[in-house]
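Next up, some structures in structure tokens.
Below, subunit A partners subunit B and then partners subunit C, in two separate complexes.
Coming up: the complex of A and B.
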């Protein structure tokens, strides 16, 4: 069932995709390293105190996370565009130039975070050092750079989509990516009113990760199913449209669950609770969809008397299936845990959020983007059937158990905070530290660190596997 | 294929997706207009006339702020009381108070506060939530922080701590010295005082009301 399109040789768009994937993988490593530093600081507060404080480690941890995912998303689009449209990406030369501008800008931003860290309380800091707003700390000059690069990317996508064959997948991506890029503008202004600040800040954060990014995942999963198991396009694209309706139908107004306590009116309790409670439904649908299509295609093949697996890229497909489940578990279940205002009143701003964040970003996005990296590695090396190797299996097992372990540990830590700091002690400074010094809390933080190390070791196996695929004779060419 | 059902028709689902997305977006934009009006910052006139705003004007720093149970709303709300001195004055003009708040909000971003603390519950979880820090008993007359910093008022104790956090360790996890100047510290304290006056629908619950009879250790 190997697709005839799998080769990446000769396509400039696919070459650019591999650049994006490579830089994404490096940033993924940086994300894990700085996450480890922050995790060590929970256990040993004196670690790098005054040199690389928790705030700086965490900025790089979460910014590297967002940026590697954006890079891998851009890479995924550049990879699939020639396959879907049947033509080379329009304006690819500019796309390549923008990649270098983007990568250089990221390096400068990170160096400034590391070396300058904070600035005086004036506009120059906001423009050149940090904007100090979680996830989108990047200074204003970089914001504008990102806008330019994103516009170039969107132009590549639109011009190619219009000129070439416009499949359902490309149509969804075109609509989704312009919303994704446009939403960034909502996070680019300064205001003295912190309620207004956070209102628009959530437009970027929430409408990215709980709306446009999820739709992106739906489109990528559709592409992957067609490429990897030869699923029927008609069926896959029908599901994709249903998913778009469900994801945007619940996710856009699900934004309300961030508006319970930031100064915004009470009606967001009802709106946020209702729509965010519906958010897991499309994730269930996506999970069923992936497994159903797999079973259906395999079954059809077996009916013809062949017992050979329909999957032409085992590691990539493993990550796609993990995505289907991890998205539902991390974003769906762990999100639903604390999305109702009655619960969120006590869990808001505790390690519960952190537990959800870890499993959701991993389950919903890291998994499928790693899957896309495997598809790219298969293509560039001209592999017909890509198999699991020892490194790919160790990589996937250790990363998954590491992230699940961190999530469980952080969930326990969150419980301690909710019970001690919030319910018992009334959320004060003293209450906060009572919760933090609880035995269950500190043991949870120890386990989080251990599981973080497991995740990082898994990443090394993953990197090794991706880098050595070209020379590995186990794959069928 | 003459009797192809609409339920298996891609065009039907594509149109449904477009309609659902459009409808949800329009509803969100409409709600955004309503919310924006409700969270716009009030002014000095409102404060003098006792008009309640979800986000009061900057001159709220001239008043005493408490957090009290509202029987009508079923949770605590910030209550703006009589005049209260802030760094020795209770007559900050709208411009003066606005400038202090502006400096403090800029400072809160320039020093990456949100990457250790939570503000309105959002941020990192490495340090206490700052939403109602201004009314935290730790900084009050019976709390430890005024004695620790050797200051007689809440605002001076907070400013002193912000300027030299490494000199006043309250926990093994210490706040680092972020190079906060005296002027910036004053702005940051004004920002914290203003934030405590925002109506957060009862978050955090029971703030400062429970002394903690049993330690959960």
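Coming up: the complex of A and C.
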């Protein structure tokens, strides 16, 4: 018999969470598929030319990334709310309706990207095809739809949080999610000055991924550690508050590192440098936290004479541990080595950024959200101890190897661009092409494609494992 | 033909690789420092291994210095890097102290 808290059966909120996770997994697959198409186009520029150009494949690749993560984040909240508050989510029927609206809107937006692709240079395109801001390119009608869905989601969260038990995790999520939803508004209005436009656009992108999303990860990690290894709630929640302070303390003004070269005043150099130098500290601290809780809980178990692992969901815990490392590596190391203005002058806009983006989004967010999917699968199938299967091990190994491989390849390509296009050729037009045509750059792009294929194969193993867990006898029920 | 005045990197060409490697090592060594510190405190490692934790912090500080020197950072950024190094040194002490206090309060 599974513990009550693990059981998703009978909870409408948890049922809704599984819908969100399922749609997120489909979008994750789409993200990888369109990433592969874009990677092939780097190697064979004529591939699908005139049918699905690089610009469109890239739009779908990066927007699907953001949207699948948002879906999985909403799913994670709907999953943990009944556990944390002790009640069913308030307004769950509206929550379900909003899910269908959100999913339908995403399908329509993707179909428009695929079938219409470009429009006239006027307001029609902004309203019905694309707004053209990287990562949040949805047309304006979809923007407003997203706002409605986000408001409904925040209302579900707040009403449940106020009516039910108010744990530290739910309180942090309530504050974080309202900031998360509110910041989206900064990317919705039009200005005819590109510097002003970029200034506000970064509020969405940076303050999402380096502030509100990181705090979200902290809250989910806290929930996961309590559920998977039985960590002390008081310790975990106390830590969560420190994490919130550190992440917001360094992350909000870390925004300055995006303001070095877009036409903003020069004082952003100092602000960006100072807070960017401090930004890795919470990531290092998050890493200590997982190690601390795991060591303490396992140590307490061993003091009682038991050598049995305290972990009740091995695949999910593996992804959570990968999150601690991945966040540190992708957001921390790959972010830090090109964050100061003196070196960012050369690395800005090269494949270094792409390398950082791949490893940071994967390490900081994809890992923990996949971990949450495993927690949901465990609960939905009434599993007490969830073990690794061949598919879960192949999935995690191939996805991690693939993403790390892509990151290394892109880093090499970025290094070539820094030396050739920027330092030697002075960021000139000729320098751009010289950098791109070199052997090291070309070979790096070949390897990026190979590693992309490895990642995609890993995703197939992951999907298979998630879909077949219910029937797998290896897990203890 | 490119105008020779354009080819004027403030960072010497040969210094880019050491900059990237040293800045990556800042966090690698920093990670070892806090990792070993925490592992010793939660009794996953023997106490004498704490020496290695401090050695890694020294390496971290050196890499920060090297990175900053090669980049020719200004006075303000140099101070920011010193603050980051000190912050990293104090971080595991502070976090462990607070976590342990909460642990003790809840167990006794």
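Everything that follows uses one rule, which is that the second predicted complex is superposed on the first by the 473 of 477 C-alpha atoms of A that agree within 3 Å, B and C clash if a C-alpha of one lies under 4 Å from a C-alpha of the other, contacts with A are read in each partner's own complex, and residues count from 1 in each chain.
Definition applied: a contact is a pair of C-beta atoms (placed from the backbone, for glycine too) under 8 Å apart; a residue touches a chain by one contact, two chains touch by 3 or more.
As the structure is a computational prediction, the values presented were derived from the model and not from experiment.
In the overlay built on the shared chain, the residue A:428 is in contact with subunit B and with subunit C.
Contact with both subunit B and subunit C is seen for A:238 once the two complexes are overlaid on the shared chain. Within the superposed three-chain model, A:328 lies in touch with subunit C and out of touch with subunit B [touch as defined at top]. Of the two partner chains placed by the overlay, subunit B and subunit C both lie in contact with A:419.
In the superposition on chain A, contact is made by A:198 with subunit B only, not with subunit C.
Contact with subunit C, but none with subunit B, is seen for A:340 once the two complexes are overlaid on the shared chain. Considering which of subunit B and subunit C touches more of subunit A, the answer is B. Of the two partner chains, neither subunit B nor subunit C is touched by A:399. Contacts of A:220 after superposition: neither subunit B nor subunit C is touched.
By the touch criterion stated above, A:281 is placed in contact with subunit C alone, subunit B being left untouched.
Residues 234, 238, 242, 345-346, 419, 422-428, 430-431 of subunit A lie in contact with subunit B in one complex and with subunit C in the other. In the complex of the two chains, the subunit B residues touching subunit A come out as 8-10, 13-14, 16-17, 20-21, 24-25, 27-28, 31-32, 34-36, 38-41, 54-55, 58, 98, 101-116, 118-129, 131-133, 136-138, 166, 170-174, 176-179, 181, 184, 187-188, 191, 195, 198-210, 212, 214-217. Those residues of subunit C lying in contact with subunit A across their complex are 2-3, 6-11, 13, 16-17, 19-20, 23-24, 26-28, 30-31, 34-35, 37-39, 41-44, 71-73, 76-77, 80-81, 83-84, 87-88, 91-92, 95-96, 98-99, 102-103, 105-106.
Those residues of subunit A lying in contact with subunit B across their complex are 38, 41-42, 45-46, 49-50, 53-56, 58-59, 117-123, 125-126, 129-134, 137, 168, 171, 190-199, 201, 234, 237-238, 241-242, 244-245, 248-249, 252-253, 255, 258-269, 271, 345-346, 348-351, 353-354, 416-417, 419-420, 422-439.
Touching subunit C in their complex are the following residues of subunit A: 232, 234-235, 238-239, 242, 270, 273-274, 277-278, 280-281, 284-285, 287-289, 291-292, 295-296, 299, 328, 332-333, 336-338, 340-343, 345-346, 415, 418-419, 422-428, 430-431.
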